[in-house]
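What follows is a single structure, written as structure tokens, with notes after it.
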Amino acid sequence: MNITVWNEYRHEKQNPDVKEIYPNGIHHVIAESLRERGLPNVLTATLDEPDHGLSPEVLNQTDVLIWWGHKAHDEVDDDIVERVRERVLAGMGLVALHSAHHAKIFKRLMGTSCSLRWRESNEKERIWVVKPGHPVADGIDMCIELERTEMYGEFFDIPVPDELVFISSFEGGEVFRSGCCFHRGYGKIFYFRPGHETLPIYHNIKVQQVIANAVSWARPTAGGQYPYPAGAAIHAV
Amino acid sequence: MNITVWNEYRHEKQNPDVKEIYPNGIHHVIAESLRERGLPNVLTATLDEPDHGLSPEVLNQTDVLIWWGHKAHDEVDDDIVERVRERVLAGMGLVALHSAHHAKIFKRLMGTSCSLRWRESNEKERIWVVKPGHPVADGIDMCIELERTEMYGEFFDIPVPDELVFISSFEGGEVFRSGCCFHRGYGKIFYFRPGHETLPIYHNIKVQQVIANAVSWARPTAGGQYPYPAGAAIHAV
Amino acid sequence: MNITVWNEYRHEKQNPDVKEIYPNGIHHVIAESLRERGLPNVLTATLDEPDHGLSPEVLNQTDVLIWWGHKAHDEVDDDIVERVRERVLAGMGLVALHSAHHAKIFKRLMGTSCSLRWRESNEKERIWVVKPGHPVADGIDMCIELERTEMYGEFFDIPVPDELVFISSFEGGEVFRSGCCFHRGYGKIFYFRPGHETLPIYHNIKVQQVIANAVSWARPTAGGQYPYPAGAAIHAV
Amino acid sequence: MNITVWNEYRHEKQNPDVKEIYPNGIHHVIAESLRERGLPNVLTATLDEPDHGLSPEVLNQTDVLIWWGHKAHDEVDDDIVERVRERVLAGMGLVALHSAHHAKIFKRLMGTSCSLRWRESNEKERIWVVKPGHPVADGIDMCIELERTEMYGEFFDIPVPDELVFISSFEGGEVFRSGCCFHRGYGKIFYFRPGHETLPIYHNIKVQQVIANAVSWARPTAGGQYPYPAGAAIHAV
């Protein structure tokens, strides 16, 4: 299985606080955590590379794409968004992290605004397992606690998830559907909330475990070829 | 539409604190709140009546049954549970309130333990709308706040709801799927969490509104007759 | 409740066979069938009117929009598609009929290709109720039979419906998820398969009944105002 | 992973036609097909063994239980049904095949009648993949064709499946939700329709593939221990 970790990679270069937490970028911490969990074939790609690092060759060899973006969603080229979308419909897995709820690719696949209520206040989050037995929650017992996080609250304007695995609470009293599975075309998508850039969330081993689980869950199957690559209907005889 | 409000009606007779809040029983407060909202045909039934007030005649004329029970679940007769279950499968709506998560009828229809984590500590609950536009949330904006409630927390061992309308948070940091829609047979079931007997929850007008909404949502349709009243399969020609 | 029936209205003007079945257009047959079922406030709108008949004023007063299109999906202006989408997210119901599976507005809200397999061969369709008790199936017993229809077959590339009400079979052995409910934002969407323009499908009283049911199901609720009209997240205090 | 294949094992001993197809019983054909697909630890158990072959020791070591039963559902002991149910809620996978829709254990976990319409007429079935990308459909392209099968038709009185993977059509025009995923407690359940005893359905390699896929999908995860083994709620501090 080939994994590509995509990161906007701007905060880390511009903000010393973020750089201290993620000196080589969020993507390298995530990539390394996947390799440590027995997923060796991990590449990275970032916004400022040619083609954002997502050439057709790279995408065609990617089984699961992880996406982190925040301040530069608008700089992602629409043609590349469409290229990624075609790959997801054809079977590539997509794991969208935290502020990627507003990434063009996520919004395009969901069809809704994907907006939410938020507050940056370093309050405590509890991420509760509401679908134990689901492979994305493998190894997670009852809940994950994060002492200091950014708050994301409902109403989260997404389609109803096919499977809801985690629900978060925050000290301020908000709740959030923080682990959501979607099928789109032949592809599987997992949205996972944790991950503000100014906090060491991706160094948390339980967060790392969930991301690795999600990658395994989202891998393509051998169930045949996506029949609508050009978007057209097929005339059946 | 004919509605029957069923109440165990024991706490109110034995506990002066409960009696002060619900002098004539929880069932009468709920029944009156439905009449005030334009649902005139409301009967009540209680555990200590013959047949628990749920004779075949009463059930056959009931379109939606509301159920509140807590300390005497075991005293409900198994044959009457089965009678109610047959009516739900045949199309009667069921609205299960609060501690009715452990009522025999609810557990029998769900197939799981319906257990949960709980704490009686009068902490604040926020009930968030996560499916706006759903008729059960009609008239409810963003969230309902209850200043003092009993806590119910995940993992709530129910089947995945067909539709998840509300999620609660509690001061202690727990979350709970507190408004859940299920279809079983031709019938519709709504579970709604609020309602501890020592607190005036059913006097809250937003809680009343949700219960009235749920009753309207759960009413039977004219979509044909349930084909399996005796539980057998049907030989098709 | 104000209903607007939108029709592409091209086949009826160009093809004598279609004109014979729908002399004034599909939209008028549908509109009349709704009025006969006690929904008096029905307007119509068509592609070749200014703004496709969907000015902001019309849309703002529309509670449920019905959409039929086929050969001219590409001529629908992108800005008007976006205007309709904003209204759906804000709570307006949308009922998409038959070949509207490929309408820009439906594809935009779904995020997938919405493609399918099809065959124009006038074979028999049976539309089975798989969620009896659902209001969209109200009054429909077991199945609807259409003697001669166009075939639509799986894989239908849509997101998993929130509720699956009907499944069709065709003489050729195909199946199709033909009655699908979706929530998007504060709005509700129903896709219903029947309706090829060369066949008198919309004169069928059971098809008319389902469309009227869907309109009632999709009507907006009073649950508060959609919080993300401009698509942005909201900063919570 | 330890798998136990349970079979009623009566038809094979009493009916020569069935014995010719399954000389050692359906359970041995299924067990062998799993071993051939790299799942070596497969035991079998049958109705007429002590404890129906399902002692606490056997069940505690079973990760996934496959169930085939038909004519003797009523002879399955209620205490053993409850023992199996407790294991499913605690995380054991269950794969229910064909006429096991009416097995006590399946009905108990579903809460509904699990009845359906049927016809024994050796007609053609097409099992369509409606959720490509799902691991249970791995390796299955578009549909599985079975030339001669028993017909099962809607309305199939089950709770809405958490995930619907396959839908069947039959020559008589019926449809059936023939591949259904459910989560109950910490356990996962898959119902798969094919398998009448008088036809060599379990010798079909695609049917075998789906059963093997289902076993892998239903295996327990390491997500913590089921908190409600005795059915009681837990007091949280």
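Chains here go by letter, A, B, C and D, matching the order in which they are written, and residues are numbered from 1 within each.
What we mean here is this: a contact is a pair of C-beta atoms (placed from the backbone, for glycine too) under 8 Å apart; a residue touches a chain by one contact, two chains touch by 3 or more.
Because the structure is a prediction, the values reported are computed rather than measured.
With centres defined by CA atoms alone, the chain at the far end from subunit C is D. In terms of C-beta pairs in contact, the better-connected of the chain pairs C-D and B-D is B-D. Spacing of subunit B relative to subunit D, judged by their CA centroids, is 32 angstrom.
For the pair subunit C and subunit D, the distance between mean C-alpha positions equals 37 Å. Shown for subunit C are the residues in touch with two or more other chains, namely 129, 131-132, 142, 153, 155, 160, 162-163, 174, 183, 185, 227.
The part of subunit B that touches subunit C in the complex is made up of residues 91, 129, 131-135, 137-142, 162-163, 183, 185-188, 220-227. Those residues of subunit D that touch subunit C in the complex are listed here as 124, 126, 128-132, 142, 153-156, 160, 163-164, 167-171, 173-175, 177. Within the complex, the subunit C residues that touch subunit A are 89, 102, 108-113, 115-119, 151, 153, 155, 157, 159-160, 162, 172, 174, 182-185, 227-228, 231-237.
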